[in-house]
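Next up: some structures, all given as structure tokens.
Next, two complexes with chain A in common: one pairs it with chain B, the other with chain C.
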Partner chain A sequence: MPTQPPLPPLLTPYVSSLPPSSLTVLSSVLGATGNWLVLRFLHAALGQPSTSDAALGFSETNNGKKRKVVLVSFLRGWEFWRTEAKRLGLDLARLTDKRQFAFIDGLSELFSVPTATPTQTSPSHNPQLRGAVPPRTVLPLRPQPGPVPARGPQPAPRPVATAPNTPTSREIGPVKRLHLSGNGNAALDALEKDITAVINDLKKSMTTGDGQEETEVLLVIDQPDLLLAATGPGRGIGATEMGDWVMGLQQHVHATLLTVSADSPLIHNASTFAHQPTTPLETEHAAFSIGSAHRAHMVMQLRNLETGAARDVSGVLRVSKGGAWGQDDVDDHWEEKEVLYFVQRDGGVSVFGRGE
Partner chain B sequence: MSFRKRNVGLSAGVDRAGTVNGTAQPPRAPATPESIPGVRPSPDDGKPTTSTGTPSLDNLLAGHGGLPLGKVLLVEENGTTDFAGALLRYYAAEGVVQDQKVHVVGMPEQWGRSLPGLLGPADSVDDKKDKRKGDRMKIAWRYERLGEFGAGIAGSRAPAGDQSQSAADGDVDKRPAFCHAFDLTKRLTHPSITNLNYIPLAPSNEPLLTSTLKRLQAVIAACPPNTVHRIVLPSLLNPAIYPPETSQPDNLLPFMHSLRALMSTSSARITAMITIPLSLFPRSAGLVRWMELLSDGVIELCPFPHSSDALGSSGAATSQEEPPQGMLKVHRLPVLHERGGGSDQNIGQDWAFTLSRRKFEIKPFSLPPAEGDKEGQEGAGAASGGMPKKAELEF
Partner chain C sequence: MAPTNISHRQTHNLLLISKLLSLRDTASPLTLVLDSLEQPATPLIKEYIRRAKLSKVHVTLIAFETLNPVDGVDAFIAARRKTPLEIVKAVGGAYQNVSNGPSRTCLMQLAGRLILIDAVNPLLHAKKNDPQFHLSTFLSTFLIPSSSTAPKVDVSLVVNFHQDVPNPPPQSPYAPSPLSMLTYLATTIIKLHSFSHILAQKAARDRSLAAPVFGLEEEQDGVLLGRLDKPSGNELAEGIVLELEHRRKSGRGVLEWYFLPPASRYPAQYVKEIVTLLDDHPLYRPPQQQDADAEEEEPESTFELRLTDRQRREREGVVLPYFDAQQGDGPGEGGRILYDMGEEDDFDEEEDEI
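What follows is the complex of A and B.
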């Protein structure tokens, strides 16, 4: 197989230009995970337009605007994203220093009590990262990686839930860590505040020189359904609260990519035709993911091959219009499609139609 | 070739052949970077991996030849048998033999005393090797097309071929053994077996799993940084061991998530193996699916109901092989599926497992000829089984 470009041409129209204030839902199942596709979104937003892209005429999708990405990951740590992005030629650590990318870690300390944080990993990151960067004009805007300056003017201050957190929610290296504490909306609001602080911080920091005022921030929320599953109605977080939470985050960014699990037990058990008793976990999950799909502009579903596993096919990608498609007059240059994809050992991805 | 000057000696060509061989063979560096016993770099991506104590399970794990550090393997089992428990015991025993720190959650100390006895490194103990070599010529030739399962890409065993076989056998003695063979009927006596760390499920004012995790964190944090840990969680959620409220999602899933967080810190060298009884918690339940999503590898054991009598003779492809005792399904493999999955040669195979006194073996499953089908049975007996031949004709 010939070496693939990092972004397969078939995928480019889907991942490279997300309409303003849109939500894209990417659903995955156990055997067909969507991390590779998230990385393609990152690459489309952050990667330098390569010569092949320019030749294909996709380079104008940037529109001269500066693109930035905030990645919130609940299931995977910074190490994973950094190494996998590197395989695509995307240096996330460098992009973090250039203030084009920010990672928010929802894995490491989400449920842990703030005192027990014996993490040796990030402090070792910190000096080398900071030391490697030559002093830029950016830095005076952010004197210390301490408490984020944008936290002050945030609306909706909720001191109740955040108060015990603030001492520990320091930024370590490039990574901000989320903590979940408290119940219901207060807990979610605290998370939202942390995330929007990072977003605003990223928006404010101008990259060197070229005077582009407009920055488009893409927010990637990786598997927030974990929050829903791991808390449940017992802690006052349900599908409605989660939907509101995502919508609240959407207001701050240009476009949002949301990944959820769509395994059959999580979606279909909730239906009234299911043969077994339904748990709240299943109903809430189904409500959240289906609700998100209805609010989405585009839905990308990953699933296994129905005919069993194959050695040269990893799974099926179906791109379809979400419930919010066509609400605003953006000329969409993509069509609904179902293709097969194959993730190679070296991280390259080939996307092809059936029978090709 | 055409770029080479004609009048230059052939030494360059020899060199080139050497490098080609080198790339074709996965880099099997015997020395790990830190040279920790029982840890070796994966032939696939160089990440440190450790053995599960079961050679054929190691080979199943997406070309890594073991369980990569920082990964959780979830073993699910249907029915009332305890094959998964045997896998766990091998896993724990391997950790003991390799001087790794083994943490056993929710089990009394008897569990540790019943670990299987050590026979020796897995490579040298394989007493059936010669016999199998003979078999390979006659009958098992059809398995050879399936990518050398016994050897695996990772090659915890010697590669096939007589010359390399003897060479590798020589290597085995020099290299520290990566995987050992155990005997289930004997008891493990090893100096470091007293290092087993039992984490009882003691009730406290906190939720049970929270306090368990805290204890785990404390023990791991107290160990010197180079220690390799193994976390063993036998039959999680089993109501005989765990109180019913543990199976609430808001207890269990934060625990699994925090476990994942604990293991994903790059300084930690931890692997974990968890078993759950599927009869009580079916895969079609959302909770179990979330447990699977939070694990890095998921395999399911489906034991045959009456493996001893009904399937005894016909389940095995030949009379010399032991009949399979159940099917093994691979739902997710560490690292591979996190990246997107699908390119492993082992995927899509039907696997059968056989637990004997000395080993837990996983091999490709092939349906036996139908009972009444005399012709088919004879065909299988004469080693001209219809299936591979047909496949060759079609493709």
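What follows is the complex of A and C.
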């Protein structure tokens, strides 16, 4: 199969120009993960217009605006994103050095004490504290079979890659790690402060360089539902608090991309259309995801093919207008669309309409 | 339904919706808008703001979800991380600035005040709410003037509620859910539907099929939103449908379905009523005349079955014999049956006399 362009032409209008102060929600299910699409957003913002490999030029402007990306990942570590982006021709490490990209690790030390960071403390005291989700450094979720086998005793070898190392000793660039302490809004405020510090840092480094150009920072929040699931109402964090948190972050950046899981049990068990007793997690998760979709300009939904697995189709992508579409009159006119996509072994993605 | 009945309904209910949307006579102090992902309330909110601007009503938007100030809003109050009490204070302050401001003295005679809440769900979900918080008191503080000295203003409150966001578990098993509380308090309830969905459901009903469901109701894995704005490439199918329930002061309820066309179809300064009854929409209820025309169509054939004009004229000119008989001056005298007896007839005197 011929190598695909890093940005499939059908997707370009949707990933390349996000309206100012907009929220884009990317929902995925277990069988159709959204990492590849997040990478396309990164590529659209950071990649070169013509040749992605000759990345050293000074032409990193899109419409006269310089773009930067802050990626906050709650499910996957730096190594994952670096290797996956490399397959697209994006060198995240170099972009970090060039202060165009910043990675914030929301997972590795989220629940560990910030001062002393031996890794043993986090698994030992957390499960009895909350018991919801044991902290794990990297989940073995991948968009397609890669060099690492998807099954097997994952947690054993993976933590070695990131956790025991002291931060920034092995990692290149400022890989900021988030720590959660306290309850409710105070805990989220601390996280917000950490993230905005990174954003402002990135903005500042820009103005010293080539002055008058307008900077656009794209904030990618990858699966913050982990935060919701791991804390929950017991610690005073619910859908409203999470939504407020995202809104607070939105104020600092040009556009925001939020990825959430939309698997059936997480959405439909608590749905108002199904009448059955639900757990707090189901209620809060559904309220957070649906509430985010209400606030979004664009909702991109990934799901499995209804007719079952196919050899040349990975899933269905539906792009719809979110609840906030049409609020500002500046909205560009894009069409809602449903397409199929296929993630190849080499990480390339082809996007095509039904029957094409 | 009799035609007089329909026109009666048209005039009355169109007047009603026009009064409600333009906030005339404070017809409805508390309007509850029920939206969903399939049909967000944004177009209706914008329509409220547009009409408020036309009639010089002061607009306040309490934003639980909106990040940036919306065009046409006089006071934008971000409700993020605010307690209900702070929101009430901010809303009160926003209006005082206007009514007391020296530069705006010419606008002292503001027609009234519109307070919009873009989504009330985050407020209901918030974990930090103290048990003293009551939705009914929170909402009524907006409607009741803060002090008796304050000039009385006609306040209309429009609250948007996302139906599809699941409700938090009730704090007390005996307490009513927030939604039932809101529907109880509201004087007008507007439920929003997407016009293309209404058309699809009607088409299914007309064929006695189960009505299709969209989006979250499909309960399909990974589907949050089912809406595709050009399902059939039909531009006319754009727009939203309002299912209105209005409670009059007398207690009588009015139920009606309306159609609100998309904002691109009319200029912003347009003052005439743009909302129509759903039943009057040509796509929802195609005019009967079309059917009548279709029936008159004659079957196609290779023969010319129609008459030429001349033939028709001549045919109309033919005087048929019974017209003569009806003249009244002839032997017939109206409608009597003229019959000449033949030999074979057996005339029975008695029978004919009856």
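Points to keep in mind about this one:
One rule holds for everything that comes next: the second predicted complex is superposed on the first by the 273 of 356 C-alpha atoms of A that agree within 3 Å, B and C clash if a C-alpha of one lies under 4 Å from a C-alpha of the other, contacts with A are read in each partner's own complex, and residues count from 1 in each chain.
The rule we apply is simple: a residue touches a chain if its C-beta (ideal position, glycine included) is under 8 Å from a C-beta of that chain, and two chains touch if they have at least 3 such contacts.
Please read these numbers as outputs of a predicted model, since none were measured by experiment.
Taken together in the superposed arrangement on chain A, chain B and chain C fit without clashing. Once chain A of one complex is fitted onto chain A of the other, the partner contacts of A:310 are limited to chain B, with no touch recorded for chain C.
Contacts of A:263 after superposition on the shared chain: both chain B and chain C are touched. With both structures placed on the common chain, the touch criterion links A:94 to neither chain B nor chain C. When both complexes are overlaid on chain A, the residue A:320 reaches chain C alone and has no touch with chain B.
In the superposed model, A:107 lies in contact with chain B only, and not with chain C. Contact with chain C, but none with chain B, is seen for A:238 once the two complexes are overlaid on the shared chain. Contacts of A:32 after superposition: both chain B and chain C are touched. In the superposition on chain A, no contact is made by A:66 with either chain B or chain C. The gap separating chain B from chain C at its narrowest, counted between C-alpha atoms of the superposed chains, is 11 angstrom.
Within chain A, the residues touching chain B in one complex and chain C in the other are 32, 263-264, 280, 282. Chain A contributes residues 30-33, 35-36, 75-77, 79-80, 84, 107-112, 116, 118-121, 226, 229-232, 234-235, 261, 263-266, 269, 276, 279-282, 285, 308-315, 341-345, 347, 349 to its touches with chain B in the complex. Residues 44, 214, 217, 221, 225, 248-250, 253-254, 257-258, 260-261, 264-267, 283-290, 292-294, 298, 331-332, 337-343, 345, 347-348 of chain B are the ones touching chain A in the complex. Touching chain A in their complex are the following residues of chain C: 35, 37, 40, 42-43, 46, 65-68, 70-71, 80-81, 119, 121-123, 125-128, 162-169, 216-217, 219-230.
Looking at the complex, you find that chain A touches chain C at residues 21, 23, 27-29, 32, 184-185, 233, 236-241, 243-244, 247-248, 250-251, 262-264, 267-268, 270-274, 278, 280, 282-283, 286-287, 289-291, 293-295, 299, 301-304, 306, 318, 320-329, 335-338.
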